[in-house]
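The following pair of complexes shares a single chain, chain A, combined with chain B in the former and chain C in the latter.
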Partner chain A sequence: MHRYTGSDRLLVLLIVALAGIGFLILVGPVLVVLVTSFTSSRALRFPPPGLTLQWYRDLFDPVRSSQIHVAAGNSLLVAALTAIVATSLATAAALAIARTRAGWARFAEGGFMAPLVLPGIAFGLAALMFFSWLRLPPSLALLVAGHAMIAAPFALRTVGAAAAGLDPALEESSAALGAGPWRTFRRVTLPLIMPGVAAGAFLAFVSSLDNVPVSLFLASAQTDMLPIRLWGMMETALDVRVAAASGVLVAVAFILLLVMDRAVGLARRMSG
Partner chain B sequence: MLDDSRSAGSAPDAAGRLRGHRLDMDGVRVRYGQTLAVRDVTLSVEPGEMLALLGPSGCGKTTLLRTVAGFIRAEAGRVLVDGAAIDHLPPGRRGVGIVFQSYALFPHMSAAENVAYGLEARRLPKAEIARKVDAALAAVRMEGFADRRPRALSGGQQQRVALARALAIEPAILLLDEPFAALDRSLRLDLQLEIKRIQRRFGVTAVLVTHDQDEAMSMADRMAVMNAGRVEQVGAPAEVYDRPATAFVAGFVGTTNRLPGRIEARDGAGYRVRLDAGATFAVESARGFDIGARVVLCARPEQLALRDGADAPDAFPARLRQSLPLGPALIHDIEAGAAELKLHAARHGAPPAPGPVRVALRPDATPALFPEGETT
Partner chain C sequence: MATGNGLWRLALPLALAQALFFVAPLLLLLATSFATDENLRDWGLRGWRDALGDAFHIQSVLNTMRLGALTVLATALLAVPLALVHMAAGPTLRRIILMAAVLPLLTSVVVRTFAWIVILGREGVINATLLGAGVITAPVALLQTEHGLILALTQIEMPLMLLPLLAALARIDPALLDASASLGGSLARTLWKVVLPMAMPGLIAGATLVFASASTAFISQGVIGGGRLNYLPALVWQQAMVVFDWPLAAALALTLMASVLMVAGALSLLGSRVRHA
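Up next is the complex of A and B:
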């Protein structure tokens, strides 16, 4: 039997303490927002003096919160389109990278992953300047383009892991049996990497939905996005509906996460 | 239903057999970067024949198979089926069926869907596909497993489904890439016999890639022994075993004992060879050697024998280290100077005691002679 020495115990203690602090920092604020969203006071305050569902009623009121609803609609539309665009691009890139051992593939992969470390603010500003240099007016399409840049690395990671696990003999088999490239992709490749594709699309959707830095530069009055609208509401008045909206977002993300994890083992894919 | 009758594969004849097709590799050369993986290989496979490409890993046998399949483009040379070049055709239009080492069954499809895949790609009518799938699964005795996913099948069953899938498209040529490598040794012989039977019954021309000489011996009508991208010898398994054309073949196919020596004189249809170990053997050889040339005599374990008698001139002194029983035979582990020898003998009575012995050539033995430098 292995006996724990003093330094072993210290290490275990340290790890537990760090994990605890991390957990507190990550989950604590979410709990604070959730509790605050039920406050009976007229402004954001924690702890709440009493509890009410008032702010959720206000949030879903089509007249009083119409601007929020427009922004939420835009955000959902952009997130859905971003998921489609980013996942399609990432799938094409991941398959190309998985099929070659050439040096350019590693280089290309690095390029695709770059937005992950690029500061969003810098990219948002650059995208704004680039689009206005092209004389393109602000639109949802430009928002989708910007979000897809940020979201593609997430999809590339999950699809890439799925594609790397694919036996090349499967696609060769398909080709030898007389299937063309399109049939091979549709009948063999896509079904086999589908869990990675679905996980990637989910991550792209969520990262677009709560993106602030890119939306900040690319959104306009006509293309208001939910996170930007919430930020604006915070600046003008400490509107409690912001907390309620956050509560809804947290709940939706949590449910989606559970569904995706059940369907495709998301946690496993993100670590792979 | 293909527009090209050749790539549509074989039409069954009246007896339900496929018409055999001839495969020719004509000066095929394949290069990977700086290295030549296949060096100007010319080989023919007769209609209905099974040819084994036998060699160590890296000898180019798989590369050659993949070139025939159309996954690799040859730098020079041609691949012909029934005399027509197929080099410009993609894999799916060449009329080849392939069984991969990993079987490469589609894991998300049932056995029947796997077998139907190639027929669907050919856009055959549904009823015809169903009929051919049933027939192909029945041919490999897997009709009871049609709805199983590959994961729910054993290795041997997966291999039979892979074979059914390859045969369902009625290929002109069947390519088998190390099909038994992933199977338990105990299963291999049964499946080898079964695949051989099916190949014969379908009358399909086949190329088998393997590094296992027993597999090549038991399955192939002829074998091509490859080394460093070249074919060193082509012939029936027994012929290759009995009369290896090169020192490499002698060493790779079967076990061989290498005895260095010197050509002493011409002797009938061969030479008298003075071994360094201290005996003179008469050896038949069609090759030309100068008197005094250094040679290596390659003798099979069953071509040598222990000899009683103190100083027979046709036996050399050695030391018996141990004798091990191997089924009905006895393996003698012998040391003769720097050389280590293995001898096969019938097992009767108690094995001889370790110690000094004399080794001779059996009277009917036909060992092979190679120039010294050729030995690898």
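Up next is the complex of A and C:
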């Protein structure tokens, strides 16, 4: 931009200052969690009086933290299955929607996105009522079904964006050369939309791993989930192992972000 | 691949899964709100009378809406400048801002909530800083206050506002800004007349997502807001899982859903008004 007058300069200053506060608020808490996880204090004093690895040792202790380990295992399994189910369903639907101009496609797309705006708490309670009405006992499979409903829109969005850029001529030539529909999908379509599928699967995985409102109602003593267990640890006597668990989760998120961003340009896909 | 008229079959699996695991449960939720007990043997308006005829519940509805609205304002106040700086910045700074926007989204809500306990606590970051600078002489209470909760939700929900804004501003042609400036438009005028209208779809999408997410943020509301502030999600959970009054829980959940959908509808109406203006 060009020559600024005095009032323009003031405005620029204000914008930069607010942006700076925004940046600090976005990033600061993540750093605070990392530092706190090494605190030598039992209270959450900041800055910590001393540094130790004690909380990480406690967290990884198989006896003292066995409940956390079970919950983490359940959460990872459910997240992996949710990513597979949600991404498969969403990929098929996205291909259908991307290739048609028919009215039903726009309508269906709106419907498929609905779980993003509906309050998760209402859906979690509805799912609990539905499964207990069907007399189904709590299980990880039901958690996958519930999580997949919330996760599918994320995958639909990224796969949809990738499929929209697909040149139909490529599939037509594959068919003209005698490849069957499945072979065309495997050898031509899927490789072309793979970045969108991978980004979608990743977002579905993260949304399941982080899900609170559905797990809150569907998890039970036998199917404990990590966020629900950590919530319990925060609500009662504040357990500093939460800080160590948070430290692990932040590190994992950061590594995944770098890997996925390098592989499929994740950050760009999420803002587009 | 299926072509032509057979295409809809590819969308069928997701549609069936959604009908079975999303629509059917919500219909049962609606039915339960009109039942007298969780076994759906008798019907009546008891759940709705308890939900809407009680001043405490109405106050909780208003608290929840207020919390959602204030969080939208706070996230917009910080995300719009951040998006403007992103638009004007070079590639490195752009990348850093984008990463800063995405990283919190990938760290669990529980982790972000925990961070704010450390920041807002009596011996937390804010109190330590203010005490050290001599601004206050005794720690101020920030946990279990609405201010503290809104501050925490501002970070927790900001990516939902920032990402749609970045996407919307990315569509602005830089030539347009140059044109406005070279025609003698002040920066304020350029922002108001050129940038804001283009940013509007992103702002409205962001506001909808932030409102929906902040008003249903059960863990943050409970852990940071604490017992003194009452919001709908906690009431729904208590009635469903502690009191086991499912008709009342269903009516409260539907009240939350209706409030969020009404705000989302109003925002999307505003969006189409702005586009056609």
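Going forward, the second predicted complex is superposed on the first by the 255 of 272 C-alpha atoms of A that agree within 3 Å, B and C clash if a C-alpha of one lies under 4 Å from a C-alpha of the other, contacts with A are read in each partner's own complex, and residues count from 1 in each chain.
Criterion: a contact is a pair of C-beta atoms (placed from the backbone, for glycine too) under 8 Å apart; a residue touches a chain by one contact, two chains touch by 3 or more.
Since we're looking at a predicted model, the values are computed, not measured.
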Item to complete: Put chain B and chain C onto chain A via the superposition and say whether they clash or fit.
Response: fit
Discussion item. Per the contact definition in the header, classify A:133: touching chain B only (first), chain C only (second), both, or neither.
Written reply: second
Discussion item. In the overlaid three-chain picture, which partner chain does A:187 touch, first (chain B) or second (chain C), both, or neither?
Written reply: first
Fill in: chain A as apex of chain B and chain C, Cα-centre angle in degrees (nearest 10)
100
Item to complete: Based on the superposed arrangement, let me know which partner A:12 touches: chain B (first), chain C (second), both, or neither?
Response: second
Worksheet item: Just chain B (first), just chain C (second), both, or neither: which does A:176 touch?
Response: first
Response to the item:
Max touched-residue count on chain A (chain B vs chain C) belongs to chain C
Item to complete: Considering only the touch criterion stated at the top, classify A:43 as touching first (chain B), second (chain C), both, or neither.
Response: second
Item to complete: Classify the contacts of A:231 with the two partner chains as first (chain B alone), second (chain C alone), both, or neither.
Response: second
Fill in: chain B versus chain C as contact partner of A:73, first or second or both or neither
neither
Fill in: Superposed arrangement (fit on chain A Cα atoms) - minimum chain B/chain C Cα distance in Å
8
Worksheet item: Between chain B and chain C, which residues of chain A are contacted by each of them?
Response: 175
Worksheet item: In their complex, what parts of chain A are in touch with chain C?
Response: 1-2, 4-5, 7-8, 11-12, 14-19, 21-23, 25-30, 32-33, 36, 43-47, 88-90, 92-93, 95-97, 99-100, 102, 104-105, 108, 111-112, 114-123, 125-130, 132-133, 145-146, 148-149, 152, 156, 171, 175, 181, 184-185, 189, 206, 209-210, 212-213, 216-217, 227, 230-231, 234-235, 238, 242-243, 246, 249-250, 253-254, 256-257, 261, 266-268, 270-272
Worksheet item: Of all residues in chain A, which touch chain B in the complex?
Response: 167, 169-170, 172-180, 183, 187-188, 191-192
Practice prompt. Note which residues of chain B are touching chain A in the complex, please.
Written response: 69-71, 90-93, 96-98, 100-102, 104, 106-108, 117-118, 121-122, 165, 169
Fill in: In the complex, chain C residues that touch chain A
1-3, 7-11, 13-15, 17-18, 21-22, 24-26, 28-29, 32, 38, 40, 77-82, 84-85, 88, 95, 97-119, 121, 123-125, 128, 151, 154-155, 158-159, 162-164, 166-167, 170, 177-178, 181-182, 186-188, 190-191, 208-209, 212, 215-216, 218-219, 222-223, 232-233, 236-237, 240-241, 246, 249-250, 253-254, 256-257, 260-261, 264
